[in-house]
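First chain A sits with chain B, and in the next complex the same chain sits with chain C.
Up next is the complex of A and B:
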């Protein structure tokens, strides 16, 4: 266990192991996402109330789900950065923050597109929408702070502090806007309850969530590898790797 | 800023108790601030001006103002606290005082707490005192004004405490001012929602005890956690230079 933990701190080890995992992540992710989306868009039954317009759920829910879970992953990594000073953890935070930002934006955008036919408006100051918007701001803040600090180590630690402060605030923001104003339907998946929709609807949804998870894993690896290469460019293994790649 | 006129912190010994060190930092910050009175006045003027913009820019109707007044005052207070945050550590950072504070044997988070308390006394508290006058100007009724002042009294220290984290994180950066706002405004939103929510509830005649209790909970949370985060951020920013 501890050996694994120490290895995880080594960028070189991660680079090797992730290269082996990545094709599987990408293939599995694409497969699941395609299956989920095609099933959901073409074969799942119509909603009795919303007709076909509900089908955007197969894109909206996975992106919204990932947007939130990426922030939680970032916060865990930020804690690791501050406590153990593990290099890979801050590489992870830096690499995935823009991914989180884009997914949050996509969740908001697909939500707006869905909101137009069902609620009759693109945007409404509703609890869920507002807290996702604030999540977007938090991602933006993290990226802005990271870009503003030149020194790599202090940037990583400052960002870690900000991410952790943000994660303390996320439940507070969530509940404050929940009590403030709400129209959005409750969460689709809960760990404790059976989904309220038929299996033909939630199975493809679950597939696309899992698919997006795997694709995120792949994307995180790609971005982390790029970041590792640029950080470790002075080391011998990176030089060897690059020369081998060329030759 | 002339370094000679700024009182120095004289507590470079572990024999000074943490409480005495806090008192020293607090007293010094107050003294420095009162030697630069204009800096004290600026956030207040800003507060008044922002409030003035709303009747001019949106509508001077009594019906609009009495409904939106609490929100306007809260947003204006939030912005003027935000504006004053840049000063919280900046001058001390520039003249090296902050470095000495970080080196003190006393826990840094306590010293940060003392500085933040001084900051609140100098910006938040004057806003609370000024709020009733502006409340009358935006046609809030007496009960709403009282509740508004109470929420500002509980809420502005939270703004200072959360703001200290942002100020510490952006210390010494090029575009610190804008960046600070970007980082801090999302974190201010819950305080704003409950601050204005309390006044809205009071205007409808509902009981405000639960709202105030929640704001008190925010204050306790910020009071216990924010100094640690701000101290950690300060140490990071100092090692950055």
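Up next is the complex of A and C:
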């Protein structure tokens, strides 16, 4: 296991192995996401109370879920950066932060679009919405801090500290609806209980979450490869790779 | 693990634990400000301030909605099944507003304990189901109520 861990630290090894996985991630992700979204938007039954407007969950839930999931992955990578000083961990944080930012924004936006007709307002300062907005600012802060420091190593450490401090927000987002009175409803899916939703609604939702996960994996690989190439541009293997072209 | 890495890991985990405790204490201290609304039990226990703009939330009590035929005025009771508070509101209600549904109202509590709302928002719950299932459930609960009523009848003979 440790050998694998140390290999992961080598940008060159990661570059090679990720190139092999990427087409599968993209194909599987697109397939699952298309199936989930088309099934959810066109074929799943409508809700007894909200009618068709509930269908936005097939976009809202995957983006909100991924936005938090990516942050947890970033925090794990930040821990690795601080403790093991692994270069690839920092490359990961830098590569996925903008993806997380976009997904958080999409979750907030789709929530607002749904909130206007359902609740009667597109924004309210309840604990769930506010903590999600803080997540958006955290992603923005991580990107800005990384850009603000020129030295690669100090940027990596400063960003890692910020990411780790921000991880406290994740349980707050998750449990805000249970700890406080909020306008946002509590979770439909719980680990220990049956979802309060029939299978013909949650199966397409699950498919789109999985699909988005795979597409995120592909996107992370693409962005990490670009970052690796630009960081290692002076090494021999990158020069050879560029001269040789992709073939 | 290398001793230096072990030391770094301990420091990072220690700081993270300290930070979590600090945030937990802060949010605990501010819980009344973080709560979006007062529930009817808190209001009837006198925990909510009078004549200050606050939010009240709960379920619209079944059979309590009274609409004024002349205007947009609506009166209803908001309940959390242990206490209820009378609410009055003039304006257009959201589509999801119905008896038995959750709402959050913004307004002022007056001296008589009535809540005068200037905004009513519908609160959606975590349950989703197709209309046919909802219809079947309602039928089943009606049938159950009927059979329960019938089964109690012989006892009164």
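Quick notes
The rule we apply is simple: the second predicted complex is superposed on the first by the 232 of 247 C-alpha atoms of A that agree within 3 Å, B and C clash if a C-alpha of one lies under 4 Å from a C-alpha of the other, contacts with A are read in each partner's own complex, and residues count from 1 in each chain.
Going forward, contacts are C-beta pairs under 8 Å (C-beta built on N, C-alpha and C of every residue); 3 or more make two chains touch, one makes a residue touch a chain.
As the structure is a prediction and not an experimental result, all values here were calculated from the model.
By the touch criterion defined above, A:17 lies against neither chain B nor chain C after alignment on the C-alpha atoms of chain A. Contact with both chain B and chain C is seen for A:165 once the two complexes are overlaid on the shared chain. In the superposed model, C is the one of chain B and chain C that contacts more residues of chain A. After overlaying the two complexes on the shared chain, residue contacts for A:84 are found with chain C alone; chain B is out of touch.
Shared-chain residue A:222: touches no atom of chain B or chain C. In the superposition on chain A, contact of A:45 is made with chain C only, not with chain B. In the superposition on chain A, A:203 makes contact with neither chain B nor chain C.
Touched by chain B in one complex and by chain C in the other are residues 82, 164-165, 168, 172, 179-180 of chain A.
Within the complex formed with chain A, the residues of chain B that make contact are 162, 165, 169-170, 173-175, 179, 182-183, 185-187, 189-190, 193-194, 197, 218, 221, 225, 229, 232-233, 236-237, 239-240. Of all residues in chain C, those touching chain A in their complex are 5, 8-9, 12, 15-16, 19-20, 23, 27, 31, 34-39, 57, 94-96, 104, 119-135.
Across the complex, chain C is touched by residues 45-50, 54, 79, 82-84, 117-121, 124-127, 164-165, 167-168, 172, 179-183, 185-188, 196-198, 200-201 of chain A.
Those residues of chain A that touch chain B in the shared complex are 82, 134, 137-138, 140-141, 144-145, 148-149, 151, 154, 157-158, 161-162, 164-166, 168-169, 172-173, 176-177, 179-180.
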